[in-house]
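Chains here go by letter, A, B, C and D, matching the order in which they are written, and residues are numbered from 1 within each.
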Amino acid sequence: MSKAAARSHTFTWQDPLTAAAAGLGLSGLEYLRKMAKGDLPMPPISVLMNVTAAEVEEGHAVFTAQPLECHYNPIGLVHGGFAATLLDSVMACAIHSRLPQGQAYTTLDLNTHYVRAITLETGPVRAEGKVVHLGARMSTAEGRIIDAQGRLYAHGTTTCMVFPGGQSHG
Amino acid sequence: MSKAAARSHTFTWQDPLTAAAAGLGLSGLEYLRKMAKGDLPMPPISVLMNVTAAEVEEGHAVFTAQPLECHYNPIGLVHGGFAATLLDSVMACAIHSRLPQGQAYTTLDLNTHYVRAITLETGPVRAEGKVVHLGARMSTAEGRIIDAQGRLYAHGTTTCMVFPGGQSHG
Amino acid sequence: MSKAAARSHTFTWQDPLTAAAAGLGLSGLEYLRKMAKGDLPMPPISVLMNVTAAEVEEGHAVFTAQPLECHYNPIGLVHGGFAATLLDSVMACAIHSRLPQGQAYTTLDLNTHYVRAITLETGPVRAEGKVVHLGARMSTAEGRIIDAQGRLYAHGTTTCMVFPGGQSHG
Amino acid sequence: MSKAAARSHTFTWQDPLTAAAAGLGLSGLEYLRKMAKGDLPMPPISVLMNVTAAEVEEGHAVFTAQPLECHYNPIGLVHGGFAATLLDSVMACAIHSRLPQGQAYTTLDLNTHYVRAITLETGPVRAEGKVVHLGARMSTAEGRIIDAQGRLYAHGTTTCMVFPGGQSHG
């Protein structure tokens, strides 16, 4: 293991619990828009995934992210967790954007289909999520990841449980 | 957004392509065992997920990881991508451990069920993956994430395509 | 389309709503055991899937089913819906078997992996389901389908929502 | 178990292997269109699911089906296998419709999200499938089930392996 090959990256983020607490007094859309505009900090996981921009509309969320070498897996490609994390983020945000103040959600399941490998050469990717079904106790969403040329890399679906805020799930 | 809340973490890793190239001349099990022992570097994504130990047997892989604040999502919990990334890792490694030299794989789909939220209080988690079906062209695996008390946090399944090494998928 | 090739099958079942109503006054395990013993009728979908035997323990359900020509798809094999239906049945029953009287469930998602084609030559298959996580508001289960030699044909997972009986979901 | 509650249904279908053999000499689209027009018989599983009409375009398939009492589960609703079977059918047909003569496919995984219960009162449902990604060795599709008013009941995704016709998978 050659010393010459070592490299490093420093990620900087804000306290996620402070932002989450601020979110309790807002509707999902208000909270996510403050985040997208930079009035509230992006969560640290988005910093780790190198998310560079976010847009949130009612029922719809888009994140732009730039893959880094530190996202690589042991077979020389960006790890599937990068796409799964982005899809989970935009699909959950799409659902969150439809919840009024006082409603919370938790992800129950996340299904990801991988159709093309992501590498550093892929360049920035666009993760898009949108609500498919909004219910009183559960909601579903779908998402996809494309590059600047519109080529598809991954797509997926999720089910979230919706409940009065503050409760834990399970 | 208070300056006082800012924090940072520096991750250090080795060139993932050098390790991947070394893997081409080894069986999956040989490659992964060298990684687990530290003779080859862990991939950077494992560094980002704070994987602290790995064990690989034929058809079976276990990673221990310690959640960090930088894995948090916007609602005050460890992001679902943390568990999805760990499950993808151990399930893919379980399949990889059964492949002879010259065979490669790519993940086609990853299904994750979340049953309990992970937080910093959870402490280190153990992600376990094992092969369910090993076929000539496709394989499946299952995985789960538990804490030191054996409590379940997430579980999932995957399908990987298996093919002669060097080819891309799709 | 030759007349000579036509064939038919007559399925006979009992009113499913009468059995379902009887189930409201029983725990899940009591209800399913009455069904397995023949004291209450099997649901019609099980008749269509040619389920010939059922065993239910707490958290565990097994159905034996014999594939028929009428389960075939347009490419000359038993349709994937046969395995999906059996897996959904045994996984949901495994969860149902853990619910006290007054608790109901509904399936939120069903993930099936197909690893080997089922044909008439496969003979009777055994579908096994067991609970993975039992929660107050959601539960998960896993299942698999094997033949008399123990060869695997399909496996899967499910998430069910659990709620006070009588309510609808969504 | 009252005798008075017994009811039955006779399903009639054509030899599925004769149709499948005819399909080997046709492109996927030609084969499925002959089936939709009635020049080749619908597969028996479609008869069991009470599919009353099918339309197939390149990369797109729609089946109309009428739920029957014999599709009911033990909790008084149409079984989840009904929707899973229809989704698998239309998604696989959507992929099949893009395959040239000599190419075959097999379903690797099927993910179904249930968002609303189907009952006899639902009336006829429309299952729609469309290709998401068409690759040389694997393809993905998505599907949904709606009623005559456009209300959503279930949606899902699938991955199919694509290979030269005549080979088995796994």
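Criterion: a contact is a pair of C-beta atoms (placed from the backbone, for glycine too) under 8 Å apart; a residue touches a chain by one contact, two chains touch by 3 or more.
Everything numeric in this text was worked out from a predicted model, so none of it was measured.
Enquirer: How would you label the chain A and chain B contact, same or different, if same means the shared numbers make up over half of all numbers there?
Expert: Looking at both copies, the contact residues mostly coincide.
Enquirer: Averaging only over C-alpha atoms, locate the centres of chain A and chain B and give their separation in whole Å.
Expert: Result: the chain centres lie 19 Å from each other.
Enquirer: Quick one: chain A and chain D, Cα centre-to-centre, how many Å?
Expert: Spacing between the chain centres: roughly 33 Å.
Enquirer: Any idea how many Å lie between the Cα centroids of chain A and chain C?
Expert: Computed from C-alpha means, the inter-chain centre distance equals 35 Å.
Enquirer: Can you list the chain A residues in contact with two or more other chains?
Expert: Only 108-109, 111, 113, 115-116, 133, 135, 138, 159, 169-170 qualify.
Enquirer: Taking chains as nodes and touches as edges, what kind of graph is this: line, ring, star, complete or other?
Expert: complete
Enquirer: Using the touch rule from the top, collect the residues of chain C that touch chain D in their complex.
Expert: Interface residues on chain C, with respect to chain D: 1-2, 5-21, 23, 31-32, 35, 38-45, 47-49, 69-76, 79-82, 84-86, 88-89, 92-93, 96, 104-117, 168-170.
Enquirer: Which positions of chain C touch chain B when the two form their complex?
Expert: Interface residues on the chain C side: 111, 113, 115-116, 132-133, 135, 138, 140, 142, 144, 152, 155-157, 159.
Enquirer: Could you pull out which chain D residues touch chain B in their complex?
Expert: Counting only chain D, the residues touching chain B are 108-109, 111, 133, 135-138, 159, 161, 163, 169-170.
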